[in-house]
Structures are given as structure tokens and as C-alpha cells.
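In the two complexes that follow, chain A is the common piece, with chain B as its partner first and chain C second.
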Partner chain A sequence: MTLSLSDPTWYPIASSEDLPYRHVYQGQLLGRELAVWRADDGNVNVWENRCLHRGVRLSIGINEGGELKCQYHGWRYANRSAGCTYIPAHPADAPARRIQNRTYPVREAYGLIWSSANDQQAFRPFAGAEGHDWFALRPMPVNAAPEDVLAALVGLAPDDQPADLLPGLAVRFGGTYYFVQPVDAGRAVIRGLLRERPADPVAALRHYNELLSKLRDRLERSASRKPAPEPLQPAYDKVSADLATMPDIAIPRGNTVTVVVKRKWTSADGVIGFELAARDGHLPTFQPGAHIDLHLPNGMTRQYSITNGPGELMSYIIGVKQESASKGGSKVLVETVREGDLLSISEPRNNFPLRRDATRTVLIAGGIGITPLLSMARFLDKSALPYELHYFTRAGETTAFRSELEALHGKVIFHTGLPRSEIGTTIAAALGQWSMAQHVYVCGPGPMLETVRATATAQGWPDESIHFEYFKNDKIIDSSSSFDVELARSAMTLHVPSGKSIMEVMREAGLTVPSSCEQGACGTCLTTVIEGEVDHQDVYLNDSEKRANSCMMTCVSRAKSARLVLDI
Partner chain B sequence: MTSIDPTTRDLWQVISATDEVPVGMVETTMLLDVRLALTRDNDGNPVVWRRTDEEQGDEIDPETIMDRLPAITGYGYVWTSLGNPPRELFPIPEYAEADRKNMSCGSIGLAVSAPRAVENFLDMGHFPYVHTDILGAEPHTEVKEYDVEVSEERDEVLATRCRFMQPKAAKSATSAMEVEYVYRVPHPFCSVLYKSCPEDENRRDVIAIFLQPMTEERCRAHLLQSMIDSTSTITDLRRFQQTIFGQDKPILENQYPKRLPLDPRAETPIRADKSAIAYRRWLSQKGITYGVIPMAS
Partner chain C sequence: MAITLYDFELSGNCYKLRLLMSILKLRYDIVPVDFYPGRQHKADWFLRLNPFGQLPVLKDDDLTLSDSGAILAYLARKYDDTGLWFPDDPAITAEVLRWHAVADDITSTASAARLALGFFYDFDVAKAQKGAHRIFRLMDEHLWFGEREGRDWLCGPAHPTTADIACFPYVMLSEEGGISRQDYPALRRWTDRVRRIPGFTVMSGVFPAGRALEEA
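After this line comes the complex of A and B, so read on.
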């Protein structure tokens, strides 16, 4: 038998006991090195052992519980998806979402971690696996070809107990099972299982260890007399072309994901929580501060912040305020969407990225504005970074996500029912004087946002240290300019006069232009810019995306140059 | 045996610190998969040849060695070539300034290709994580915008306006400071760094790394410091650089693949990696294949 890089068989690659709290284990299967780690939620990750940035082994990285941090440049990768969530060299930018490490299928069963080179085969328990209290032996690495190791194991069978070969380099006699992990063409690990827990576990471990050590010595002696087999040569996948070119800003286009409403509950007076789960596997990587567009059954689109902590990708939890529902916005969501319903959401976007390079982070939330800040607090909490969260609610309101907030280790201060006059002084005291590497993040009603901005500025906080997010475009659109738009693919040049948007002019010319909010907030009309300088007036693109000048919203944004060339 | 591209073959390559080669005794080393022997003659000039049966520490009369490779000394090191090298080494004019402390800071073996080690030398983003509390510290992780050009005239990569917040930028630094760097790559396997000098704001400390490619996946890093520092001893200054390289070594040796991939899609560059991207392109354009994974043509 020759080993194949594309062998779809599931093999054991580690013992459950190899993955203690916050450890990263280095494994190998069919020539490919693996970084194997257990997140705090119990999930086991099996990833290619290589940071996508510069190829440093992730097995020397740091397991932060929900994210794995590379030793070389501190890049963070999320539990489950292996998507990059943070690049410290550019702390103010959200990383391009498609930076995602290669993952391998994984299953934890019978005291072992199982994986496969690809996902062509579903995991199937070996014959007779169910219904026993399995006991894993100590693994025995052997420098010999896996098929030779299997043959030698078969030879261990007692005379009265013939060996029973199982699929996938495994053999059984009686209640003893041996699985050969094919590490490479000339290397293997023997992983044994006993069907019942022995009366004296230590004695049993010692007995099998002695037995397998002798077997190993014999195998390695005979392997040293043969020519060493050529090691397998696994290839590394290339990264996508847009990640390989500079700049690294890739603006995602409306990919949607179908989710199921797993849970709907009242989190506080007037705040309804929704847990949106993937139908299959996990949801895409998100970063703290990110939001999703939720496409409502009535055709409307609304933005909601993700409240989750690092590496929590099995479902997104959002909070919806009932009050705004009465104004028509999320009415359908609150009143008619039920548990079990399917909804369509966008992939997460982040216009409110959290810097993780602050010496002090102040989070200020008002009412439902707690949602993105809860996520930020959870990320900071997991990395043991210093933060203070101030949560303002009105008198008589119960506090949304209270139990989640109380589970945090940082400083969480609830301010309930403060008179208007005291809110200002409380914010001033919470902010304090600014010093280098301090950042404040605020989310809440408009007047509160203004108070925080004005107070912070008065206390010496520079603009780049004050972070907030718009879900609505409250800016007054300046449509006074006039310019020409060349539509490259339609071979058409249009004149945009003052007072009309690019979108309106395109529609008048008979083009179909998709749109939703038409106020520069939803991203539906995102268009690639080929030439010309854009006058961005939307709130969808973040600052670095705007600076890149590669995309625009045709509903509100215009040209600074006399001519724009668009990819339409 | 691995083939050596003509560009690499014709370059001067560093092989040893001059003062570590005793007169009339054999030192042995490896360059580009070729076993070499070297010694110095009675005038102190280096003599380098392809090693046959000589052993390290043998006594030898340099006059008896006929089949010599080209050899020169420069910046405290012995350089040789397996081909036809240029007349001179690349310039480091500061080395000749009278008040500088010039010193070799040791030769450190690295189980990685020479170009990977050059790229690490050009990189600022790893300072807070690999050289924690010396060349960088969280929370100051940002790599600010800087400029990179490939100078046609001098045929070298030049990165300027590189700034980084450092807790202890040099042996003579007493507090954190934003340090400005200029990086030159005047040779495919050598780089020269100019950094703000804590002692004199009008001048710059010079630190250079000369990589000796032993095999495609193994090299030796030879370090040169040319410092404006009136207080530290040479031992202190050496120890400082050795600490830094001792921190880099385990990271470099955990890089895969060990040869530097030149295909832009092999790894994921970010804006902070502009100098590395320019370096990889420059190697490609020069036709370097030794120690790299060339782009599939």
C-alpha cells in the first residue's frame, strides 16, 4: 500500500488528553503538519500548521481561548473558522475577511481526536465502537512505514485470538484496538484503545507501553536496513489573488447566509434577543464591533451588531429594540418571526473595529447600543486587556444582557435612571483625561454620542481615539457638484448634474441599479471605481476603504474629479 | 547537488569574521553547498580554497595553496566568491568614520534560508512579539506607513521613513522612544539598517546583517555594528545584538517553507510588508533561485 495525500480516511491524530486547557499541540497526518487546539468552548480545531502571513508554525502560537495568536506578528485566528480577526501592525483596520487558514475535519471520540486529509468522507465510528467506556493507551511514535507498523501489530495477535483487520490501518484482537496514524511515508504513531477501562490503569499503561516499545525497536531496526521512503510532499494552497496584491482592502459584496432562528427571548423590557444559527456547521468569522444586515421577510434590510465573544461562531446573538419596531423598522422581526424560521443575513461587516493596542479602553453604551460593546468587552476580557464598560439605561428599564455582562471579569458599571444633568458629569468622569494609547468606543442614542464626543474633545481626547458607528446616514448629502460618469462595461458616458445622484442618472438612462436604503448605509449599490477620485458621502465604507478609492456607493457619493470611470 | 544561479555565483559572499581566522591555521565552513577551507597568510590576507581533506585547526603554510578562490576583507569579515565577483563590495561609508565603534557581533547558525533571514531583518511588525520590551512592546504594535523604492542606479532596495515605538531601542537608550529606521538591501543576502542614535540626534547607528548561505535551507548570520556610543563596552554592545538574534532564531526556524517563496500568492502580505514585497520582487528580477522558491514560469 502506498500512502496518498488525498486519502479520505479518518485517522486518530492525538489523544483527548494531549489537549489540556489553552495548549496547542503539534500533530501530523499524511505529511501535513497540524496545529491542534481546544478552545474554551470545548471545540477542537485542526488547522494547517502555518500562519498565512509568513509561514510560521501555529503550534508555537498562543491559545487565547477563543482565538489562536501567532507568535511572530500577533495575528489572531478565530476558533472554528480559522479566519483572521486582528492584525496588530494595522490596529485600526478590520482585516480582509478572506484571510482564513486551512482547516481539517475533526471529531473527538473514544478518547482520541480524529481527522482526515479532506472532507470527502463523513466520520464513521469503527465497528463495535458504541457502548463502551474506551481507555486510550499512550501513543507510540515509530520511525517506520505505516503499513509495516500495521503488519507488525497484526503479528502481536495471540495464537488463540486471530487479528481482525479494520478499515483504515487498524487492527483488533479481543478488546484491544490499534490504530496506525500515518504521519508520513516513513513515520507512524500507534494509538491503542482498550474496550473497557482496566482495573489497574497504570499497570495496563505500563504493560502496553513495554509491549509497543519492543515492537517499535524491532520495526526501527528493520526500517534502518531498508532505503528510507521518500517523504510525502504536500502542497500549500495559494492565497486568493486579491489578498496577494496591495492594498489589502477587499470590500465584500452582498454574500448572504441563511440562518435559522434558534431562540427568541425577551432580554429586557423592550429588548428582544435573537439567536441566529447556521443551518450547517458554523457561521463566518466576525470581529468585535461587526454587524450583519438582516433581510426581513417584507423586503427591508436592517443592521444589527453581533454581541458574541471571540471564536463563538455556532450562532450570532443580536438584540432588537421593540420601540423602534413600532416605527416600522424591525416590526416584522419582533412580531412575526418565530423560533425555527429561516432568515437571510449578510456576512458580517465591520465599520466599528476595535483596536487591541490600547493601554486603556473605555466602552460607553446607551440602551440598545450595548450590543457591539458587549462583543468588544468579551474580546478584551478573553485577552485580559484593561477596559471599563459604562452602560446607561433609563429609569424603570431592565438591563439587556445583564447576566452576560455580569459574567465578564472587567469593570462593568451600570448607570440606571440618571437624571439628564448627571449623565454629562458621569461621562466626563468615566473618560478622564486622555493619555497616549487610550481609546473610547460609544454606541447609543444620538444626543449621547454627541455628549461623549464633545466631552472627550474637551478633555483632550484626539479624534482618532473616539470611535462610534452610524447605522443611519444622518449627514446632509452635498449634491452640488456636477461631473461625468463613464460606465466602462456599458460603454456609456453620462453627465451627473448637481442635485441628482449617480444612481438617478443611471436609472434615467435605462440601467437597472440594485439599491435598498438609498442613503448610503446598506451597501447594496456598492460599485467598483476604475478611475477618478470619489467624494464619499456614505456611512457604509470605513475610513480605510474610503481611502482606497476602489469602491463607492452610487446613491449618495459623487466625484471630486471631473470624471469617474465605474465598472458597470 | 543544488544548482547555483549565475547571479548568486558571481556575488561576494561572507564566510567568517576576519579576526576569527588565525594566521596559518585552517578554518572550515560551507558556502552554497560547497565545502570551503580558509586561513590567513603572514600579511593577514585571507586565503580561501575548496576544502579537500583539511581539518579544522590543521596547521598549513598558505604559500602552498595554489587553487585559490577570490578573497577580500571588508567590514570586519572575509568574503569570497564561487564565480567572478565585482571589484568591490557594496559601500557602507559610515564604517570608515573615525569615532564609531565597529565590531563584529558573532556568527549565528540558522536552520532557514538566507533570504528568510533578510526578510526578518527588514520586518518591524514582529518587534513587540519577538523582541518584547526591547525593540517593541504591546500596545505599540502599529507599523506606520513608510516608503520603499528599488534604486535602479545603486541596484538596491531602500525603505525610508520607517518609524516604530521602542522601549529600549539600543544599549544606550534609557527610555521609550519612536525610532526612525532606514533599511538598505544592497546585496541579495545582506541588509544594512540605519537607526536614530540615542546619543546624537544628527547621526545614525548602523547595524548590518550579512547572511552566508550554507545550503538552500541553512545559513549563518554575521552581524556588524557601527555605533555612536561613548559609554557601553564592546562586550555590552555585542551581548545586546546577540540577545536580539537569539530571540529571532527560534521563530525563523519555525518558518515553512524554509526557502523564501517568491510567488506573491504563497503568503499574505499586508501594508506593513511593503519592503518585503519589494525585496521578493527584486530577487525575482535578478533571477535569484538559490534559497528561494521561484515563481512558476
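After this line comes the complex of A and C, so read on.
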């Protein structure tokens, strides 16, 4: 028998006990090295043992509970998705594209961690697996060919109990099962399971350990007399340069994802929490500060920040303000969407990235603006980075996500029902004077945002240290320019006069143009630019995306050049 | 009290002392010795401090000491008020010294392989690697059963001792000598625990482990 790199069999690659919290286990299956780690939510990750950046082993990295941090240049990867969430060399930017490490299938069962080289086969328990309290033996690594190891194990069968060969390099006699993990052509690990927990566990473990050590010594002696088999040569897909570096081009609107409303609850007076779960597997990677677009049953699109902590990808939790005056956005969500309903969301986008290299991070939230800041606080919390979170609400009952905030270890200060006059002085005191590497993040109602910006500026905080996010475009749109747009795919050239938007002109020409907010805030009308210089007036694209000049919002943005060529 | 360490930055044996002194919060001066490529540990001035021509050497006022294991014992006895790092109990003392001896075996195997691959020493690399694997196997077994029996460290007490400090550096640096620790999961977990001892400090090639869950 020769080992195959594409063998789809599930093999055990570790014991459950090999994976305490905050540890990274180094494994190998069929020649491929693995970084295996348990996140704080119990999920086990089996990843290729190479950082996408410079190929450094992730098994020497740091398990931060929700993210794995590479020891070399500190790239962080999320639990479950292995998506890159932070690149320290670009602290102010969000990794815009989906940089994602290779993951392998995983199952934790019977005291062992199982994986396979690919996902061609669904996990199936071995015959007779169900219904027992399995007891794992001490794994025994052996420097010998896996098939020789199996043959030797068969030889251990007592005379009155013939060996029963099981699929996938395994053998059983009575209640003793041995699985051979094919590490490489000349290396294996024997993973034993007892069907019943022995009366004296440590004595049993010592007994089998001695037995298997002797077997190993015999196997290794005979292996050393033979020529060593050629190790397997797994092909490592070289990471393309554009994946391994920070992208500077904007991504067009990502795919939509269907989620199910798993839970809907009143988090505070006027704030409804929604838990949106993946239908199978996990949701896409997000970074702190990211939001999703939610496509509402009435055809509208609204943005909501993800409140989750690192590596929490089984569902996104959002908070929705129940505005009586609302034009039908959150109203529809609050009034008509029920638990069990399906909704369509965009992939997460981040226009509000969190730096993780600050000496001091101040988070200021007003009302429902708590949502992105809760996520940020959770990320900082897991990495044990210092922060102060100031949360302003009108009254105690309107304090959303209170228990989640109280579970944090950092400094969380609730400012409840302050008179308007005191809000300004409280913000001023919370900010203090600026010094190097301090950053403030603010999310809340417009006037509060303005107060924080003005106060921070007055207290010496430079623009780059003040971070905020718009869900509304309050800027005055300058529509004085006039220019031509060439619609490449529609073979049409239109003139856009001053006072009219590109979108309006296209609609007048009979084109259907999707839109939602029509103020450059939601991204629905994002269009690829082929030629020409864009006059960006939206608040949707971030600065580097704007600089890249490769896409635009046709509802508010215009042209600096005489002509624009769009991919429409 | 004035402690001076005759130190080579990349030496694991010198690092053992920096590590314990960091844990015990001791202040000390460093005299750098150009071990490689200068071979200053064979220079007359150094041989007068240690005729065996080996680093590290530590001076405490007028006292001149050599051998990392002996110095660890000295520092712990003299400066560790808790008495935990080198316990007084005869049986535990024997246990600790047993592992100090293993630490020397790790030096002559894992460290030799590292010197051969990284510092162009003329050693038998294959033999050194094989010897290291033999020791790592035994350590892994010892630590694996320790985990089952509620012992986190090399010796019996419920806290680390100089035995853990003495064995740690060249285990942690073994990859530099071409010795993988993939087959020693319990040994790898123990290196996490050592790296989480309050006051732990790093050297080139030794990375921090990050926080444990309880303290996070």
C-alpha cells in the first residue's frame, strides 16, 4: 500500500486532551503540516501550518482565543474561517479582500480530533463507535511506515481474539481499537481507544504505553534496516503576491449570504437584538468595526454593525433601533421580521477599522452607536489591549447590550441620562490631552459625533487619531460639474449636466439602476470605473478605495475629468 | 550585592540565568563575552574565571561561579525568599538535580546540533539530533503522565523549579538544530507553561506564548 496525498479518509490527528485552550498544537497528516488550535468557544481549527504572509509556521503563533496571531509579523486569522482580520503593517486599514488560510475538515469525537486531506468524504463514525464512553490512550509516534505499523498492531492480537481490520488503517480486538495516523511515508502515530473507561485509568495508560513503546522500538529497529521511504511531497499552493500584500483596490459589492433569524429580543428600551445565523457552516470573516447590509423584505437596504467578538462566526448579532419616526427601514425589521425568517445580507465591509497598536484607545458610543464599539471592545479585550469605553444613553432602560458590556475586562463607563450641558465636559474629560499613539473611535448621533470631533481637535487630537463612521451622508453634494459618461457595456454615451446625478441621467435614458439611500452611504449603486477621474462625494468607500479610482457611487459622485467610462 | 553575568546573548546556558534572575527580579550587570566568532571563552582572561572555558560565569561580589545548573541553585538558595525554586527537601533536591543533569545532556545534544548548524561547529549533527530526540521522548512521556497525575512541571512540587529553567532553553531552541518537536505534544505544552511564568523573559529564537485563558 502506498499513501496518497489525495486520500479522502478521515484519520485521527490529535487527542482532545492535546488541545487545551490558548495552545497551538503542531500536527501532520499525509505529509501536510497542520496548525491545530481550540478557540475559547471550543471550536477546533485545523489549518495549513503556514502563515500566508511569509510562510512562517502558525504552530509557533499565539492562540488569542478567537484569533491566531502569527509570531512573525503579527497577522491575525479568525477562528473557523482562517480569514485574515488584521495586518499590523497596515494598522489603519481593514484587509479588504478575503485573505484566507487553507483549512481542513475537522471533527472532535470519541476523545480524538479527526481530519482529512480534503472534503470529499463526509465524516462517518467507525463501526460500533456510538454509545460508549471512549477512553484515549497516550498517542505513540513511530518512525516507521504507517502500513508496517498497522501490520505490527495486528500482531498484538491475543490468540483467542482475532484482529478485526477496520477501514482507514485501523484495527480492533475486543474493546481495544488502534488507529494509525499516516503522518508521512515513514512516520505514523498510533492512537488507541478503549471502549470502556478502565477502573484505574493511570495504571491502564501506563500498561498500554509500555506495550506500545516496545512495539515502537521493534518497528523502528526494523525500519532503520530498510531504506527510508521518500517523504510525501505535498504541493503548497504559493500564495499569490496580491493575497499576501495589502490590497489597495476596492472590492465591488460582495456576494450576498442568506441567514436565518435565530433570535430576536429586546436588548433595551427601543433596541431590538437580532441574531443572524449561517444556514450551514459559518459566516464570512469580519473585522471589528465592520457592518453588513441587510436587505429588507420591502426592498430597502440598511446597514448594521456587527457586535461580535473575534472568531465568532456562527452568527452575527446586530442591534436595531426601534424608531417610531423611521421611514420603514428598521421599522420593517422590528415589526415584521420574526425568528426563523430568512434574510439576505451582504458580506461584511469595514469602513471603521480598529488599530491594534495604540497605547490608548478611547471608545465613545451614543445610544445605538454602541454596536461597532462593542465589537471593538471585545477584540481589544481578547488581546488584552487597554481601552476605555464610554457609553452615553438617555436613560438606564435604553442601555443596550448591558450584560455583554459588563462581561468585558476593560474599563467600561456608563453615562446615563446626563444633561446636555454635562455631555460636553464628560467627553472632554474622557478624551484628555492627546499624546502619541492614542486613538478615539466614536459612533452615535450626529451632534455627538460633532462634539467629539470638535473637542478632540481642540485638545490636540490630530485628524488621523479620530475615527468615526457614517451611515448617513451629511455632506453637501457639489453637483456643479458637467461631463460625459460612456457606458461601456450599454454602448451609450450620456451627458451629465450640472444639477443632475449620473444615476438620474442613466434612469432618464431608460436604464434600471439599483439604489437604496441615494446619498452615497449604502453602496448599493457601486459601479466599476474603467476610465476617467472620479470626484468621490460618498461616505461609503474608504480613502484607499477612493484613491484607487476603480469604482464609484453614481448617486452622488461625479467626474473630475471631462469623460468617465463605466462598466455598465 | 553586585551580580555580574559573563554572557553571550545567543547562549541558552546564559539565558537560563537571565531567565531566573528576571523571575526573581534581580538586578545584574552583563559583561558580554564574544563566544562566536571571537572564542573569547578560551582567552586567558576568561580561563582565569573558569578554567573549563565555558560560559556562563557569574560573579556575586567576590564569589566567582560557573556551570549554569550550579548557578541556578546558588541564585535560588540565596535570593528566592519563597524557597520554591530550589526547595530544601532532600528528596526534591535530588529530583531537581536529576533534571539539572538532563539539562546538561540536552546541552550536549540539542545545543550541539544547533551549534553545528548555526555556528559552524564541527559536531556530528545526526548523532546530536538522535540524542536529543531520545531525551525529548522521555521528557514528553514524563510530562504527559504528569498532566494525568496533576503535575505540570518536571519535578513533583505544584510549582516550577530550577529544573524547568535548566531544561527549557535548548528544548525551545531545538528547531535551530533541526530537531522538530512535533512528536512531543506534552513537551510543547510544558514550554507554554514555562513561558507563562510571571517574570518570564525571551531571547532570540524564544517567543512568548501569549496569555493563558484564566488570566485573559
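What to note about this one:
The rule is simple: the second predicted complex is superposed on the first by the 533 of 568 C-alpha atoms of A that agree within 3 Å, B and C clash if a C-alpha of one lies under 4 Å from a C-alpha of the other, contacts with A are read in each partner's own complex, and residues count from 1 in each chain.
To be clear about the criterion, a contact is a pair of C-beta atoms (placed from the backbone, for glycine too) under 8 Å apart; a residue touches a chain by one contact, two chains touch by 3 or more.
Keep in mind it's a predicted model, so treat the numbers as computed, not measured.
With both structures placed on the common chain, the touch criterion links A:Ala89 to chain B but leaves chain C unconnected.
Within the superposed three-chain model, A:Gly27 lies in touch with chain C and out of touch with chain B [touch as defined at top].
Contact with chain B, but none with chain C, is seen for A:Asp357 once the two complexes are overlaid on the shared chain.
Applying the stated contact rule after C-alpha superposition, one finds that A:Leu165 touches neither chain B nor chain C.
Of the two partner chains, chain B is the only one that A:Gly74 touches; chain C does not reach it.
In the superposed model, A:Leu52 lies in contact with chain B only, and not with chain C. Judged by the touch definition given at the top, the superposed model places A:Ala437 against chain B, while chain C stays out of reach.
Of the two partner chains placed by the overlay, chain B and chain C both lie in contact with A:Ile60. Once the two complexes are laid over each other on the shared chain, residue contacts for A:Tyr236 go to chain B alone; chain C is not touched. Once the two complexes are overlaid on chain A, the chain A residues touched by chain B in the first and by chain C in the second are 33, 60, 71. Across the interface of their complex, chain A is touched by residues 119, 124-126, 128-130, 138-143, 250-251, 254-257, 261, 263-272, 274, 277 of chain B.
Residue ranges on chain A touching chain B, taken from their complex, read 33, 49-50, 52-57, 60, 71-74, 87-92, 99, 236, 238-241, 243-248, 356-359, 437.
Partner chain A is touched in their complex by these residues of chain C: 141, 144-145, 147-149, 181-183, 185, 188-189, 192, 207-213, 216. On the chain A side of its complex with chain C, the touching residues are 14, 17-18, 20-23, 25-28, 33, 40, 60, 62-65, 69, 71, 138-139, 141, 189, 201-202, 205-206, 209, 382, 384, 409.
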